[in-house]
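Look for chain A in each of the two complexes below; its partner is chain B in the first and chain C in the second.
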Partner chain A sequence: MDFAFLWTALQAAAARIPATLSLAFVPFAAGILVGLPTALVRRSSLPVLPNVLAGLVALIKGIPVVLMMLVFFVLASETFDGFMQSLGLPWTFRELDKSLVAGAALTVYATAAMCEVFRGALAAVPQSQYDAAYAAGLTGAQTLRRIILPQMVAPALPMTCNILVALVKSAAIASLVSVVDVMNGAVIAAAGNYRFLEAYIAAALVYWALCLLIENIFRLAEKKCARRFAV
Partner chain B sequence: MSEAVLTVRNLHKSFGKAEVLRGIDLEVRPGETVALLGSSGCGKTTFLRCLNFLEKADSGTLAIAGQTVHLQRAHKKDILALRRKTAMVFQDYGLYRNKTVLQNVTEGLTVARGVPKAQAVTRALKSLEQVGMAARSEAYPHELSGGQQQRVGIARALALEPAVLLFDEPTSALDPEKVQEILDLIRSLKDTPTAKIIVTHEMAFAYECADSVIFMDEGLILEEGAPKDVFGNPKNERTRRFLERFTADKAPEYFI
Partner chain C sequence: MFDASYILTFLPKLLESLPVTLGLVGVATAAGLLLGLLFALARLEKLPVLAEASTVLISFLRGTPVLVQMFVVYYGLPLLLQGIGIDILRWDKIIFIYITYALNASAYFSEGIRAAVLAVPARQWDAAAACGLTKGQSYRRVILPQALPIAIPSLGMTFTGLLQDSSLAFSLGILDVMGRAKTLGALTSRALEAYAAAAVIFIILTLLSNAGFHTAGRSRKRKEALT
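Moving on to the complex of A and B:
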């Protein structure tokens, strides 16, 4: 084991933390923004739409993230240039930031996953809470915003943490489509000396630290929720 | 005799093929206390929930405090306006779990009725005082006993100063000692201008406290009248059988 190089690789990996975090957090945020309304629509009594969305979510859940990312990459490589040309824009796939492609795939995954989390959290709020709010004269929107959504936070937290951690780790797959994230940062550092074991260990240490940090932040949030009101 | 504050005409409600309410007519005057009796599954809860649109009735008309709607074509706006003339006390309390006692009471005032915050707090504290829960106004529901939660549930309804106050078995989830406490509390509201409809299995309470008793069976009102008439001399065979157990062993002193 070359500890001096491990340190070098660790620094190289750590330098790419922003890339990994943005690859995880942007899809995560998008997943929350799209997943919540999706979950609400799925619970609604609208015609057709809930079933369509349920089917979509089931479809996405059944595809490995790595496969989704590669499909997005192939699709983008084949269609991007033509599409940009038809719009009269000068951008080409070669110059395209590939982390956008990886991010798009992760966003699809995160949206389906967060939709399922919110669906579970919605189911954890008893009907009596809606009844009480409606009986008091609150509108549907007021009930949702002031009574239901706040009560969904606590039951949603544990699974949300799992998904964020999964996203941070899945961001490593982006190295397949030549995005320089934590994983690729460490590997590139080893390109000169072929000390890949040290590089992988360095990457693992960085992922481990990131995930530990995220889990602890969520644990704090869970505690805070539990203190305020039991659910 | 004053004008009715609540009038229901020919209310029907089905769940799928099962017709649960088969044409209910009812008039309640301001300040009146109506006890709604009937065996389990006869439609009491459903009827009460139709009055504030927690269930959507299929047909009939409903008038509360001067506003009339045809139930089969009630619009969102009508529903909201009518709901804001009523308040409900639930069997399982239904306190908002994410809000303190005080916030539970102010919510319907500030959010649904646009009462300014300070004024809402004053009204809420007054109601909480009335039910003996003002000291716990900063507690969350999960920190309270069932009896305390129901007190807050009642305060929450009272603070809205509704024209009609609906109680659905307010004591069914409580132990016998607490049942009396809550019944005493409801009894203390007797002289308020709010009309009260109380679904209950507490026959002694209905007998003593109600101005009028209604006996429901299989989605119909079978008997309606002053407690001493309905209990003492039920006209309907079904009513007689329902009340028999109670009149025989529970409260002989009322019927000698």
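Moving on to the complex of A and C:
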């Protein structure tokens, strides 16, 4: 074990924290934006659409993240150049930032996961809350914004934390499609001296720190939520 | 471009590698449950040193990507065992994969088991003690049988996650369903169809696993309601 190199690899891995975090947080944000309406539609009494979405979510959750990423990668490599040419744009797949492709795959996964979270949180708000809002003369949109959504935060927090941590860890899979994230940053540092064990340990330590940080932030948020809603 | 008929020709070939994927998941589940139970007991019984060591190990295993863990085990274990005079450099790669996934799953299993044991009411412990049962007997005959149905949904989630994560073993050169799909795709330059075929297999396995744990949870509950 070469501790001097471990420190070098640790710095190389830490330098790529922004890449890993954006790979996790952009899909996470997109997952919230798309997942919430999807969950609302799934709870609605619209015909067919809720079942289609439920089926879609089940399908996505059945596909491993790495498989999704590779499919997106192949799709992009086969269609991107032709598509850009037809639009008259000079961009090519070779120059395309591959983290966009990995991020797109992670977004699909995050959307399905967040949809499930919001569905669970919606189910945690009792029907009587809807009735009370209706009795108070609120419209559907007002009920959602002022009554239902605020009460969904507390039950959604623990699972949301799990998904964000899972996304940070899944972002490491992007290193398999040549994205330079925390994992690849560390491995590249070891390319000259073959000290891969130190490199992987360094990457692991960085991921561990990131996940612990996220978990602690969520724990604080949960405490704050519990205090606010404690009557 | 995309020719769906290739999916049908690829499926039988990928199914030949299904035993590798299932073997990986099976070994990791069995070993992971055993390890997870030990970790959970160490923490529940607050065994000195072992409890703290379990807590740190579980936190590490849950806080790092399984992909990174795989390479740490692959490069680190031979070095660690060399120190005590055991040479494992010649070991089959799949053994390192088994060890990685067993350890990874054990962390999640352990948390599920621990939460379920804590969910069993304390008076069950008192009742067992009042009947003159020892600690071990209480665990075996009173607490764990009641904790199992509580733990089933969480164990199911870990199992499904393990199934999905097993698809990363190809990065160490294992020819499981995923690894086979990748080589087939490269050989025939029909990568999309090969991945689609692999996706079909993983989706079916996931749905089966979800359905299995769902019925297991339900039948357990019904059995409880009857007694």
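Assume the second predicted complex is superposed on the first by the 229 of 231 C-alpha atoms of A that agree within 3 Å, B and C clash if a C-alpha of one lies under 4 Å from a C-alpha of the other, contacts with A are read in each partner's own complex, and residues count from 1 in each chain.
Everything that follows uses one rule, which is that a contact is a pair of C-beta atoms (placed from the backbone, for glycine too) under 8 Å apart; a residue touches a chain by one contact, two chains touch by 3 or more.
Keep in mind that what you see is a predicted model, and the values were worked out from it rather than measured.
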Chain B versus chain C as contact partner of A:F25, first or second or both or neither: neither
Contacts of A:L75 with chain B and chain C, given as first, second, both or neither: second
Chain A: partner with more touched residues, chain B or chain C: C
Partner chain(s) touched by A:A203 [first = chain B, second = chain C, both, neither]: second
Chain B versus chain C as contact partner of A:R146, first or second or both or neither: first
Chain B versus chain C as contact partner of A:A172, first or second or both or neither: second
Partner chain in contact with A:Q129 - chain B first, chain C second, else both or neither: first
Touching partner for A:F218 - first (chain B), second (chain C), both, neither: neither
Partner chain in contact with A:M183 - chain B first, chain C second, else both or neither: second
Intersection of the chain A residues that touch chain B with those that touch chain C: none
Touching residues (chain side chain C, partner chain A) in the complex: 1, 59-60, 62-69, 71-72, 75-76, 79, 164-165, 167-168, 171, 178, 181-182, 185, 191-192, 195-196, 198-199, 202-207
In the complex with chain B, residue positions of chain A that touch it: 128-129, 131-139, 142, 146-147, 150-151, 228-231
Residue ranges of chain B touching chain A (in the complex, touch as defined): 52-54, 80, 83-84, 86-88, 90, 92, 94-99, 107-108, 111-113, 140-142, 156, 160, 166
List of chain A residues in touch with chain C within their complex: 1, 58-59, 61-67, 70-71, 74-75, 78, 165, 169-170, 172-173, 175-176, 183, 196-197, 200-201, 203-204, 207-208, 210-212, 215
